Amino acid sequence: MLKIGMKFLLTGVIALGAGAVFAGEQAAVKVSAEMFTVNNLWMLVATALVFIMHLGFATLEAGLTRSKNTVNILFKNVMIIAIGLLTYALAGFNLMYNGDNWVFGKFFGFGGFGLSCPDGAAGLIGYNGGAYTYWTDFIFQGMFAATAATIVSGAVAERVKLDSFLIFSTIYVALVYPIVGSWGWGKGWLDQLNFHDFAGSTFVHSVGGWAALAAVILLGPRTGKYVHGVSKPIWGHNMPLATIGALLLWFGWFGFNGGSVLSADPGAVSYVFVTTSLAAAAGIVAASLTSWKFQKHPDLSMVLNGCLAGLVGVTAGADVLSIKASIIVGAVAGIIVILAVFMFDRLHLDDPVGALSVHLVCGIWGTLAVGIFCDKYSFVSQLIGVLAAGAFCTAGAFAIFLPIKYVMGIRMPVEDEIRGLDICEHGMDSYHGFQIFTTQ
Amino acid sequence: MLKIGMKFLLTGVIALGAGAVFAGEQAAVKVSAEMFTVNNLWMLVATALVFIMHLGFATLEAGLTRSKNTVNILFKNVMIIAIGLLTYALAGFNLMYNGDNWVFGKFFGFGGFGLSCPDGAAGLIGYNGGAYTYWTDFIFQGMFAATAATIVSGAVAERVKLDSFLIFSTIYVALVYPIVGSWGWGKGWLDQLNFHDFAGSTFVHSVGGWAALAAVILLGPRTGKYVHGVSKPIWGHNMPLATIGALLLWFGWFGFNGGSVLSADPGAVSYVFVTTSLAAAAGIVAASLTSWKFQKHPDLSMVLNGCLAGLVGVTAGADVLSIKASIIVGAVAGIIVILAVFMFDRLHLDDPVGALSVHLVCGIWGTLAVGIFCDKYSFVSQLIGVLAAGAFCTAGAFAIFLPIKYVMGIRMPVEDEIRGLDICEHGMDSYHGFQIFTTQ
Amino acid sequence: MLKIGMKFLLTGVIALGAGAVFAGEQAAVKVSAEMFTVNNLWMLVATALVFIMHLGFATLEAGLTRSKNTVNILFKNVMIIAIGLLTYALAGFNLMYNGDNWVFGKFFGFGGFGLSCPDGAAGLIGYNGGAYTYWTDFIFQGMFAATAATIVSGAVAERVKLDSFLIFSTIYVALVYPIVGSWGWGKGWLDQLNFHDFAGSTFVHSVGGWAALAAVILLGPRTGKYVHGVSKPIWGHNMPLATIGALLLWFGWFGFNGGSVLSADPGAVSYVFVTTSLAAAAGIVAASLTSWKFQKHPDLSMVLNGCLAGLVGVTAGADVLSIKASIIVGAVAGIIVILAVFMFDRLHLDDPVGALSVHLVCGIWGTLAVGIFCDKYSFVSQLIGVLAAGAFCTAGAFAIFLPIKYVMGIRMPVEDEIRGLDICEHGMDSYHGFQIFTTQ
């Protein structure tokens, strides 16, 4: 999310008679009040689109799991948005974008607690060469922050203790996510290595994915998933809900990737719309063919994951991949997401919604693909970014989860897990009045 | 929704060689064609976002009630959008914004029937200092109009007669909503008192809430809700649907509050996005803790209502509350919404979805909070606005509902209520083929 | 989707000192960089809105059919988006907009395979007088392309073979849709006749509708639909899902019609928002009254179709119909959609979701209505366009479907149809664990 496509913006400067000249370091470039307004507007629309991704995650996860745990999943996802925004306002924003207040190399910096617009409440400072206000900057980035925890939510579904998960999420979103993000988007050491992660294949999706991996290892599989070494299918309970989720995620991704241009630059934003959409489409087609071949039936949940895999895959390079490369990146993601699902299952790493395969594996793939398909970026730098994020996030996730595990436990008692988290944790059922098989 | 944040706009004026100078009283300020276009665009995007709130209300209400009444709820909500838009085109718009055609003090005015753009079909008159066209003005406001009736719909769910409800809604939306609105947004007597209701804590949410209160009193509780003075829980049938509703409402609220800036002013719109989102987040966290403490379990439906409570609460002052104040307003709303649910239940005022607690109580709270937290506004003025709206709306609702009650009845026969409104009113069931407990 | 409302844009030209002058034939008009940016932004937001219509179609179709075929419907709809985008990138875009590379009269032309921006990857060429980039042009039009196939999907639901349907869709979207579209929007022979189809009552909805008609004739009705000449009702399984679908479609239609202005022109886009919304509202009210009268109960599915009928009806003339005319067009559409449902049923043309009535009948109505209500356009030209599209699309659909029928079959075996396509085609059920009547 560094400055891109500003060439056009720069040429659009109009000398104004009065008022619309932006002060401050971050606004060396002067743009007209009109350009400032349209850039800022796009960032706000993109913010709303990223917001709706949380509904996408909530419905996708709920649809792909069992109805006895649905309230629990919805509850977690609603809480995570709130926790993400509030902790990001309290500290995360200033950890990620520290305004050059580095404390330890270019690895860790902090700009202080709370929101404080340098320009007062008006927030008119033109960030990114006059592209948006301080408040826009915060709310757009804040919507991203909660995403990482949402990814974990899917992987630990149907067995994690609610309070333990919420404590974990709060700390992970408040500390680990912004620190890793500062390495690249906050102009830290990875940025200096010319590491390129446009909208977050690594900084959002892998960051969530590594924590999901740590959590899945610590939690163990759902009761009844692996019996005498044999994997038993546990079906999702609501495929329309899962489909709503996947397509709302694509819808929101127009803001996630399109907004990461950080301006309304016509060439850059429209190009990102095209690469993003074609990668999603290629992920769908590739996953459907792969599933049809290997599973004999075309599996809807695999195709939905193929769509998301394409989107995660193209996210690191949506601005720089060629049209052909974006289709290849999406198609490869659609294939490897299915192979990864089988691989994790064989490893007995129980991930109810395929979050590891989609977000971790395709997040890595997308980041490396930038090094493969774009001459401007080095494969080695991309690999260093992937490994560094992996090491830090995995360590961070264990460091947070382990104490919680020993102090208060992270897993529901097995009898509650069998009865369902909705009744045991929330005292209600998700579809009251419907007759549902007790074995499910 | 009075002019705010236009300072920046004013500074952005560019003298144009030709054509883009707007005529008419409402367009004393000249802005460039570009600024006009971007302002107008934001208002149209906001219109679409407010529209989607109707889907949010429909799914929230349907999810929180029983499956035997779901078709009825969906039908009502779809009809209300249509009725709202058509009556607003016929009369409401010109009642609310009468163009200084006051008939009775600054309490009632009327600009004539139908839509007639002063500038012909092109509608290019630049309202609000060149911010949007006549048609944008109408369609943005028209989307708001139906909201008040939708709020009533939730409170009377599962027992109201369909035709009676639709007649009530038509009249209430056509007359009461725009008249009260004219007092503030139409530059009537409350505006002259410096009463501040930015996007409608009072003019939309309380206006709906007061009518809901009148309707609940006239209708009485659902059969089986209070047995020998004891309140029996009646569970909602579909929590994913309710969650979709609450999060779509938040999504739409970006347009509801953000669009109420009435321009794309970067500082003002982005600030409103931040206060709105932080209040919603604070409402979620506060409601979850309150519910966890009082109900022993964290209740998802309470948390969804906490989210909406925070949104309703911040709506009156989203433009003027400080960041801290917006968090406090949201958190307090998240607490009082739960207390209000218990209070109404103790009063045997049966409100299936908590509409009174969310829209009436938090609408009042949000309006008063502007007087508490902002020095610029007087608590007394805010209180006068709350009381005046309450008196007029309650009187209006009774005046409409009572004749309907005596002429054609407002309540379904008890045997139809028990069998379900879907079969009795619509001849169909909402989930055909699903086995559903008959006791539900 | 020809140029409209550019008058205002033209007046907004500002001489720029540097850089923002657009080269190329398609950009004879110079606009400021700001105007280019805001126009382009609206087209991208509209693209996202048209995208979400696919979720609307998926949920509407799924909700109005039986739960045993839900996964199949969702699968088809997700695949169609992907196929539509990829084939449009490969060939469709250059068939529809051939850049004056006509091969056969003004009936058929082709601009070559693949996407190739004349201006390189930046795509900055200002199409439509500086309104949007090459990439925006492609992605907006690409989102439209898949719609035609989606319409067919609804009509053939619950009995079509998956692989046959996907092959049909791929060819129809790749060839028939863009060729017919080129006649009007690609400046072909219908454009020269002054045929007016603003956003696609004919070029999208009828094009899908004619293929649906051909498919329904070739497929025959669902097993059990017509027994001894008597039509049996087959109920949809999920009315909340259907309602989500219809309202998401309306939401997306703001982009479908509003984006068809092809710029952010304030007058034109806001006027289209108003006519579109009032027609939908009139369709709802008219359909509810018609249904209430003829079916004795107000039927929710009829009202949802009335909403869509109003939207389809106004689509051809949303830019040129007067406000009153748009309400009449919507209301008439809301009536004839119900009559058409009964007519097709009497003809034993089994259309599970009413796609023929909504998209074909109201698409024709809307196109003719432009000739009836607007003096500028000739009824005869409109009729010629309707008939020509009908002849070509029906012939094209038969020409694609017939070989598929004889080579691989197009209909599921009756025992699989009875068991349900979800289990037989996909090996999974849509609501695992729920008790569902086996007769359904």
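Each chain carries a letter (A, B and C) given by its place in the written order, and its residues are counted from 1.
In this section, contacts are C-beta pairs under 8 Å (C-beta built on N, C-alpha and C of every residue); 3 or more make two chains touch, one makes a residue touch a chain.
Because the structure is predicted, anything quoted here is derived from the model rather than measured.
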item	value
Angle of rotation relating chain B to chain C [CA atoms, steps of 5 degrees]	120
Same or different contact residues where chain C meets its copy chain A, judged by the half mark	different
Distance from the mean Cα position of chain C to that of chain A, given in whole angstrom	32
Overlap residues in chain C, where contacts from two or more other chains coincide	14, 32, 34, 38, 41, 45, 238, 244, 431, 434-435
Complex interface listing, chain B residues touching chain A	8-12, 14, 32, 34-35, 38-39, 41-42, 45, 49, 66-67, 235-240, 243-244, 246-248, 250-251, 254-255, 258, 264-267, 269-271, 273-274, 277-278, 280-282, 284-285, 288, 295-301, 303-304, 307, 322-323, 327, 431, 434-437, 440
Chain A-facing residues of chain C, complex	14, 16-20, 32-34, 36-38, 40-41, 44-45, 47-48, 51-52, 54-55, 58-59, 62-63, 70-71, 74-75, 77-79, 81-83, 85-86, 89, 114-115, 121-124, 132-136, 138-139, 142, 162, 238, 241, 244, 425-435
